[in-house]
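These are the structures in question, set out in turn.
Two complexes come next, and they have one chain in common, chain A, joined by chain B in the first and chain C in the second.
What follows is the complex of A and B.
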């Protein structure tokens, strides 16, 4: 099984913030498009390590992880089976799982 | 002066029994003092955590009440980044409380508190400010009440 580990603090930013590019450079949409999407396409399992940053806002987590479902990048079952969240903060794992579960795919244009 | 064995035994054992009683009394006092100190330290940690929740609740409410006015992008980012950092510190405080044998899982409540304070806080004008303020208040109360409940369950008030 091919596995990719993404450490957000080391590889993306220690201060992830915002949902869209107009909120700031280290936003959830950029993390999704530049880190999660390529890894999901290339690897069978991805491990996202959350610790080491100055915390996460809900918009960032929703856009990065829930956005994968809304943008039809992957379906919920596949995402939940391929994604592993690693953090000493249990609340982030619950929050991410909740955004993935609640997200609805946007109609394809 | 003892001449028979029983009298001799009584004289030898008497002081030992006294020492034993003193030792028992001392260990009871030590045990009680330790329990009171542990309770007091845990109470202190709990109070600091509750204060932190209340501070974040107030900051969140003030921010969302101002949200209908024009907030600068700097004000939005400062609020969100500060809040997400402080909420992470709050979760560390809760982990310290758990290490003092206060068994409580507030992860779900913390995630909802974070959601009510930071979800779309970069574009607050898109949310209903009153709904958000009420939600922040409710989430903060849940965390504080659950902390108080578990403390009272562990250290029952004296009658």
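What follows is the complex of A and C.
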């Protein structure tokens, strides 16, 4: 099995912030498009390490992870089986799972 | 109607003040000294926006400042000499009002100050770099604070400021010893409050384009540690939560939440309360965060935490102890939104002395 580990603090930013590019450089959409999407396409499993940053707001997490479903990148079942969230704070894992579960694919244009 | 003791006290103070003002004017006239520049605006003796009574005095004071400078285009002198007591939230609103007036004014150096005569407000204003901050043209710089203080500062986009602010809070308030969980929740609350300002606060034609062009979608912030309590506040001059909510959610969704909370009308306080709950329970609307719920997180993890949100004419106060919510309805609008977190600091950090 091919596995990719992404450490957000080391590879993306220590201050992840906001939902869209207009909110700031280290936004959830950019993390999704530049880190999660290529890894999901290339690897069978991805491990996302959350610790080491200043923290996360719900906007960032929802856009990064829930956005994968809304933007029809992958379906929920596949995503939940391929994605592993690693953090010393259990609440982040539950929160991300809830964003994925609550997200609905947007109609294709 | 019979006057209460407080009203009597205030009436007496006002009377004394009128006499003092007459004396000052007479002295200046006779000596030819130009002590006061332009119109004289006298601060209330109590600068506070928590208490309904003092709130109106504070708002009138702020309004006088902007009216004189921006409408009447006059220079002013603000006389703080009788100021006896100040609170962090009111200082922040005043700082923002003055900053805004200076930036939007067509007059150079429109404001002069007479500093407080009483030691306590003078010390607090100095510690918060109130006068230094206003006189410094680079408002976006985070001034180096002393222990226990995050000086008045402001900014627009959050991401280039957040790390510096968090470092400043960690060092000045927590003595470098904030635990990781506390750091995470503070970051979550603060960053989502700033994001709300950026995404929603200035989203209306009611805010003049010229003002946004010159000031940006601006927030102002300060923090103060008093003994073992942290008071951290952020303020914006946007349209306010009650007015912003209908931009985010339909009338049906808002009404559903007002009904659910048994809130009978769309008063500003009720709208803030509804906004908090919409964030908490979700609406099925895609791509909407739980921004205001995130804002509450920092106090929820503190047994005696208090979150205060004042927006336009409404106030919402949430106390962790007993899970209590208070509403406030005011006659005059705050003209924007103030969010204040009040938490008791943990044992580690409480060892730092507030002696800066």
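As a convention for this text, the second predicted complex is superposed on the first by the 109 of 109 C-alpha atoms of A that agree within 3 Å, B and C clash if a C-alpha of one lies under 4 Å from a C-alpha of the other, contacts with A are read in each partner's own complex, and residues count from 1 in each chain.
The rule is simple: a residue touches a chain if its C-beta (ideal position, glycine included) is under 8 Å from a C-beta of that chain, and two chains touch if they have at least 3 such contacts.
Since this is a predicted model, take the numbers as computed values, not measurements.
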item	value
First, second, both or neither for A:55, with chain B first and chain C second	both
First, second, both or neither for A:89, with chain B first and chain C second	both
Which superposed partner A:41 touches (first chain B, second chain C, both, neither)	neither
Which of chain B and chain C A:24 touches, first, second, both or neither	both
Partner chain in contact with A:70 - chain B first, chain C second, else both or neither	second
Contacts of A:2 with chain B and chain C, given as first, second, both or neither	neither
Footprint overlap on chain A, where chain B in one structure and chain C in the other make contact	15, 17-19, 23-24, 54-59, 62, 88-89
Touch list for chain C against partner chain A, complex	157-160, 162-163, 166, 180-181, 183-188, 191-192, 195, 198-199, 282, 286-287, 289-291, 293-294
Chain B-facing residues of chain A, complex	15, 17-20, 23-24, 54-59, 62, 88-95, 98
Chain C-facing residues of chain A, complex	14-15, 17-19, 23-26, 51, 54-59, 62-63, 66-67, 70, 88-89, 102-104, 106
Touching residues on chain B, where the partner in the complex is chain A	76-77, 80-81, 83-88, 91, 95, 105-108, 110-111, 114-115, 118-123
